[in-house]
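Should a chain be cited, it is by its letter among A, B, C, D, E and F, assigned in written order, with residues numbered from 1 in that chain.
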Amino acid sequence: MKLITAIIKPFKLDDVRDALSTLDVRGMTVTEVKGFGRQKGHAEMYRGAEYVVDFLPKVKLEVAVNAAIIDQVIESLISAARTEKIGDGKIFVTDLEQVVRIRTGETDENAL
Amino acid sequence: MENTLELRYALDTFYFLVMGAFVMWMAAGFAMLEAGLVRAKNTAEILTKNIALYAVACIMYLLVGYQLMYPADGVNGFWPGIGFLLGAENDPAAVLRTSGDEWYSGSYYSARSDFFFQVVFVATAMSIVSGAIAERMKLWPFLFFAVVLTGFIYPLQGYWKWGGGFLDAAGFMDFAGSGVVHLTGATAALAGVLLLGPRKDKYRSDGRVNPIPGANLPLATLGTFILWFGWFGFNGGSQLVVSNIADANAVASIFVNTNMAAAGGVAAALSVARLHFGKADLTMALNGAIGGLVSITAEPLIPVPYLATLIGAAGGVLVVYGIMWLDRLRIDDPVGAISAHGICGAWGLIAVVLSNPEAALVSQLIGLLSISAFVMAASLIVWALLRAAIGIRVSDEEEFTGVDVSECGIEAYPEFTSANR
Amino acid sequence: MENTLELRYALDTFYFLVMGAFVMWMAAGFAMLEAGLVRAKNTAEILTKNIALYAVACIMYLLVGYQLMYPADGVNGFWPGIGFLLGAENDPAAVLRTSGDEWYSGSYYSARSDFFFQVVFVATAMSIVSGAIAERMKLWPFLFFAVVLTGFIYPLQGYWKWGGGFLDAAGFMDFAGSGVVHLTGATAALAGVLLLGPRKDKYRSDGRVNPIPGANLPLATLGTFILWFGWFGFNGGSQLVVSNIADANAVASIFVNTNMAAAGGVAAALSVARLHFGKADLTMALNGAIGGLVSITAEPLIPVPYLATLIGAAGGVLVVYGIMWLDRLRIDDPVGAISAHGICGAWGLIAVVLSNPEAALVSQLIGLLSISAFVMAASLIVWALLRAAIGIRVSDEEEFTGVDVSECGIEAYPEFTSANR
Amino acid sequence: MENTLELRYALDTFYFLVMGAFVMWMAAGFAMLEAGLVRAKNTAEILTKNIALYAVACIMYLLVGYQLMYPADGVNGFWPGIGFLLGAENDPAAVLRTSGDEWYSGSYYSARSDFFFQVVFVATAMSIVSGAIAERMKLWPFLFFAVVLTGFIYPLQGYWKWGGGFLDAAGFMDFAGSGVVHLTGATAALAGVLLLGPRKDKYRSDGRVNPIPGANLPLATLGTFILWFGWFGFNGGSQLVVSNIADANAVASIFVNTNMAAAGGVAAALSVARLHFGKADLTMALNGAIGGLVSITAEPLIPVPYLATLIGAAGGVLVVYGIMWLDRLRIDDPVGAISAHGICGAWGLIAVVLSNPEAALVSQLIGLLSISAFVMAASLIVWALLRAAIGIRVSDEEEFTGVDVSECGIEAYPEFTSANR
Amino acid sequence: MKLITAIIKPFKLDDVRDALSTLDVRGMTVTEVKGFGRQKGHAEMYRGAEYVVDFLPKVKLEVAVNAAIIDQVIESLISAARTEKIGDGKIFVTDLEQVVRIRTGETDENAL
Amino acid sequence: MKLITAIIKPFKLDDVRDALSTLDVRGMTVTEVKGFGRQKGHAEMYRGAEYVVDFLPKVKLEVAVNAAIIDQVIESLISAARTEKIGDGKIFVTDLEQVVRIRTGETDENAL
């Protein structure tokens, strides 16, 4: 099993979720994060003084999937999240050694 | 005797000023109500609109509107003639020369106090608009519309009734402005909403409504209480005079009826919400209070308090169904202003016939239609011109990010919200 | 002369209406104070309770309560006899026929203005209840209790003193309602809390208190300032008449004393908090203001301002210790209403003897006990019946999720909070 | 005749009390404005300061300040002589013995109502200070300063003008306190800020300004609306008498001018912000309203409304540039109080000469300089003594964590914010 | 060393923390997240219009532990977090290559 | 590639970001978290009742880096984040199997 962690633009969340639902992805976990990267924050003014908002609001998506479908998931994730503008985000894949469903105690593939 | 006249004049002026200050306070009520019912990302901008429209209303009504609405001599029942600025203040000596009988033929309270009371009414009408077009209209075209509404559109139709124009002659009754103020504001708002379209994502392609919850309901509740309080000035001051037993009794009746209509509106709206949604939707209770208040505004004096409660309750029912009905028509009004001020305003005009023997249904309908047709036409033209000239709607991206950042460059709650809502 | 009578009547009526509007504004104060001191997840519901109870109070007092409290002829000192609706408004001609001496024997201001001033008092009493039972009581049983309290319990004990019943005859003094209003509200609240029990997790099994911080302290502060402001109407209007030198002086003294008592309450409560907790607990300062105000309400006229400050300061001390003491008794009152209105209400009744030579401690105690015993008994019965019939407490899960979702179906701050608080 | 005197007395007293209550309400306005413009972590503390300073102001002015400012007989034009407590209330019989001509030589409204009106002014002056020193000053030294300012510094300079001292003799004109109240408050604030230094991180080493956005702009807007409303009492009550035609007209003019100046201030500040920043900075619009109000306060009676609008608009322009200029001088004022009350206060004093033929620029400048020099010197001394004795600034760590936790032990919004802002 | 990531119901957080304290777990890091899975969100009404709250509030717990005690930790975590109702959440285990304590610079097992 | 996850004190965030910018670190993702560890929460009072705030506000930083520079990054991270007071936080390193840049589809080293 693999854990796919994707940093995406917040307003793409619904699209991505819909895209993944069509695959065999049964769940995901979402965190609000702030991102820092090539995309630069915008300058704002407050009472005459300028300042730059460095960190941009992003959404982090964590999806545990069966290793078998990983390419498929990444592909559909990319096509749903892509705007082709800078700041679209990244996908990270890590290995999952073990998965347990708390309710039932089922483990690994069965627990996804 | 002299002293008594002085005292009457002084008491009526003071009463007028206090009632006017109460109405001015309604500006804060609208600002809080609207700020509470929009999303966090559009809050600073709606606040800016509210305080700026109040300033615009004061300035425009001072420069043009007051003279237009209350001309010394109207050209005819439809057209007051162009006029500017304020008239002179009353001369104390002249006031004292008036004998008791003539007293009330002139307005024997300070002329400046009359202006003050009138100017806060204009601001109320314009405040209604800001709520309905919230979360998607550009700031500057809105303020330009405020210039036209408060300087020209409102005073013109106001002249028809309160300035002694053709609606007054036709026996149309509108004590404190269910029509002249509230229906006018709601109609101008509706015109704007029609040209503006709904907020993105409000209506789904499958025809269902996507609710967009307001960010701060305590603020919305505070706004409603402020409006309720201010309405004692709005209706109570519209008696114009308090300095004798009959008028004092009248003002007291108006206070009681205004309060009971709002109470009836809350009770009814909450019950309807409970019935239909299974839950006690607070926002509907708030709209119910305002619906009740608007409904009694055309005739807050004559009904017994029980009838006033019922008129308000009917307003509370109407406002809830009105909101759902407008949503079905895809007329998107984030705060329910069109329903509360428009539908209940119309109902208020009609309800006059329930208690006022001098009112006729047909006169009321003539008034209702004249005001709404004129305001709708004039507003549509102004909004359309603005749209053609500079655009009235923010871009999709600005709407997504929120107009606070695009229009005001600041956030209303920079520490409380995450940006991906 | 005629004109002078008319003017007196007009001025007193206008004064009464303005003071009444100030008191109505206190409804907003309670709503904000309570909304600020509960958790975010219970905010929309407490707001709904507040606006709905105000509506219920107005309607019930109109239909039953006012006639019950101020009957034309009470059956005896305990029982006013059943009556409904309002009496007639004063006839101007009859008013003018009154000679100067008889003038103040009748209430020569508008009868409707009297109703208005009275009805906002009832709402105040009921507002006290909503705070104490917050965060765990169901909405609809609460509103049913409001029907009974505002229609029957409050007016009945009100009759005993202000309607000319046995407490009045016994020389019990309660100028503006430390007992009739505040103690009544607090006692009804205490009865509810006793049957309801504390919020889950408020008291740990090891006997320690688990603090549950309020979600929005600016709101609570705003509410306190609103109450402070409204109290000028509450006490100042209770002089009933302002239209001559002596009464005008009296109203002015009341304003000063009311203000000073609140100031004393803040200073004392903050000092006690500093002493005990090492920090300046804002919520205690807020409770101190209210405690000071409640304390002076039974006699805001006679004390010199220095004494008024001290009476308020004592209230500010009492309210802080009261809150800690109630917590030790596991009487859970999220906003401190029982302490501020109950304990300080009792103190206020007793403090009358410090300045009013006509007051006797024993009469004050008779009043204190009669009111609190009756209200406690009546309220316990009503709450118990409601508990048996439909239940008064939400389920544990609803309490965990928050009553906003379960009772109102909406959240007060949908964008600001995360759900796992 | 007797009745007429009684009525005049009653009406003027009632007017005074209502106007005073409006001014008291400004305390809530300052509290909300300041709470909205600081960061969330410093909100409970600024609220505590605001309610506590109001209490301190009331107590100190009662004990010392009032007698100092309005002595029966001043020692000389600079020094009133030490006095304590209030004088006696007017005796009704004595009032009635006054013939018409003498009437206004004495203040024939209730003496207590005069105290009430005056005491809320002191609190206003002190409220100005709390905003400017926000987010970094310790609570208790601040309250100690409040003791000195409201008991001594304010009353002393107040005596110079309103108590009949040397500035009054010099022809200095300050109708409602652009100088006596607002400039005084702003100067005391500036003295504090100079000794306190800016908030950490406000000014970068490269000379640029690091903006620190306010946490809750709806609150700040509400505060501004409250101030706007309360200002009708502030200026309108300063006419002192309303009970005859000329005075009633005067009060009405003051209401209109006060309102127009605020409107002008909003319009101008918003336009300047739009011009310079490209966006409609709401906080500048709010400061503009206050700047406009302060500007008209020295002479709200005589200008025609168009001139009042322009005087307010000039205030709105000044306040924006003032804020940016003070930032360049590294004078850190989180809410813009020094600019709005100080710079606009000075401008208001000067603007008197535009409409009042009896005012002379040189007298105005003498007043401006006397007040600001004295208040600056006295305040610097008190702040410096406090700094030496107990320190006035919180530690860096407390400033980082927020003074809510360190000074009050509680958070203003425990559920809304994350701690790493 | 392993990193245990658990998605649990928010009101179980205190129970879980208490359970882990009895083992040799010295620290943990908690994030508020939103979950999407088999457990469906509830329908709400706002002004007469119905809507479904898809994402449910969950809490994400991250605990770095010595590989030796991993089964024990998972077991006690499960028994503290389980309500046996749908939505109880998941446990993911990943490998930790390196751990450093910032204050001391200690590494790996010593840094836990 | 490796994923460095650091739990740090919130007010050190700017320093850390500045320190990493001088290295070849092009982006990072930041989450607000609450931490539980050796550092104990502080006791507060509310209306006369004491309570302990257990969970302390921390910031979680996630940085994906080329395995080559990992030591360098950790070192500069530590020196920027360290206050030498308890509660300074931890650094965890996990292996990243795959990285994708959503905008371009670039993968692995190129995607960082």
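A few comments on the model shown:
As a convention for this text, contacts are C-beta pairs under 8 Å (C-beta built on N, C-alpha and C of every residue); 3 or more make two chains touch, one makes a residue touch a chain.
For clarity, every value in this text was computed on a predicted model and none was experimentally measured.
Shared contact partners of subunit A and subunit B, listed by label: D, E. Shared contact partners of subunit A and subunit E are B, F.
Homomeric contact subunit B/subunit C is classed as different-residue, with under half of its interface positions used by both copies. The pair with more inter-chain C-beta contacts, choosing from D-F and A-D, is A-D.
In whole angstrom, the spacing between the mean C-alpha positions of subunit B and subunit E is 52.
Centre-to-centre spacing of subunit C and subunit D amounts to 32 Å, using the average Cα coordinate of each chain. Residues of subunit B in contact with two or more other chains: 4, 7, 11, 18, 213, 216, 222, 277-279, 281, 283, 409-410, 413, 416.
Touching of two or more other chains is recorded for residues 31-32, 44-46, 94-95 of subunit F. Under the contact rule stated at the top, the pairs of chains that touch are A-B, A-D, A-E, A-F, B-C, B-D, B-E, C-D, C-E, C-F, D-F, E-F.
Remark: subunit B residues 400, 405, 409-410, 418-420 touch subunit A in the complex.
Against subunit B, the residues of subunit C that register as touching in their complex are 3-7, 9-11, 13-14, 16-18, 20-21, 24-25, 27-28, 31-32, 35-36, 43-45, 47-48, 50-52, 54-56, 58-59, 62, 85-86, 89-90, 92, 95-96, 109-113, 115-116, 119, 139, 216, 219, 222, 407-416. Subunit F makes touch with subunit E in their complex at residues 2, 6-8, 31-38, 54-55, 58, 60, 74, 77-78, 81-95. On subunit C, the positions that touch subunit D within their shared complex are 1, 4, 7-8, 11, 15, 18, 22, 39-40, 213-218, 221-222, 224-226, 228-229, 232, 236, 242-249, 251-253, 255-256, 259-260, 262-264, 266-267, 270, 277-283, 285-286, 289, 305-306, 309, 413, 416-417, 421. By the touch rule above, subunit E contacts subunit F in their complex via residues 3, 17, 26-31, 64, 94-103, 105, 111.
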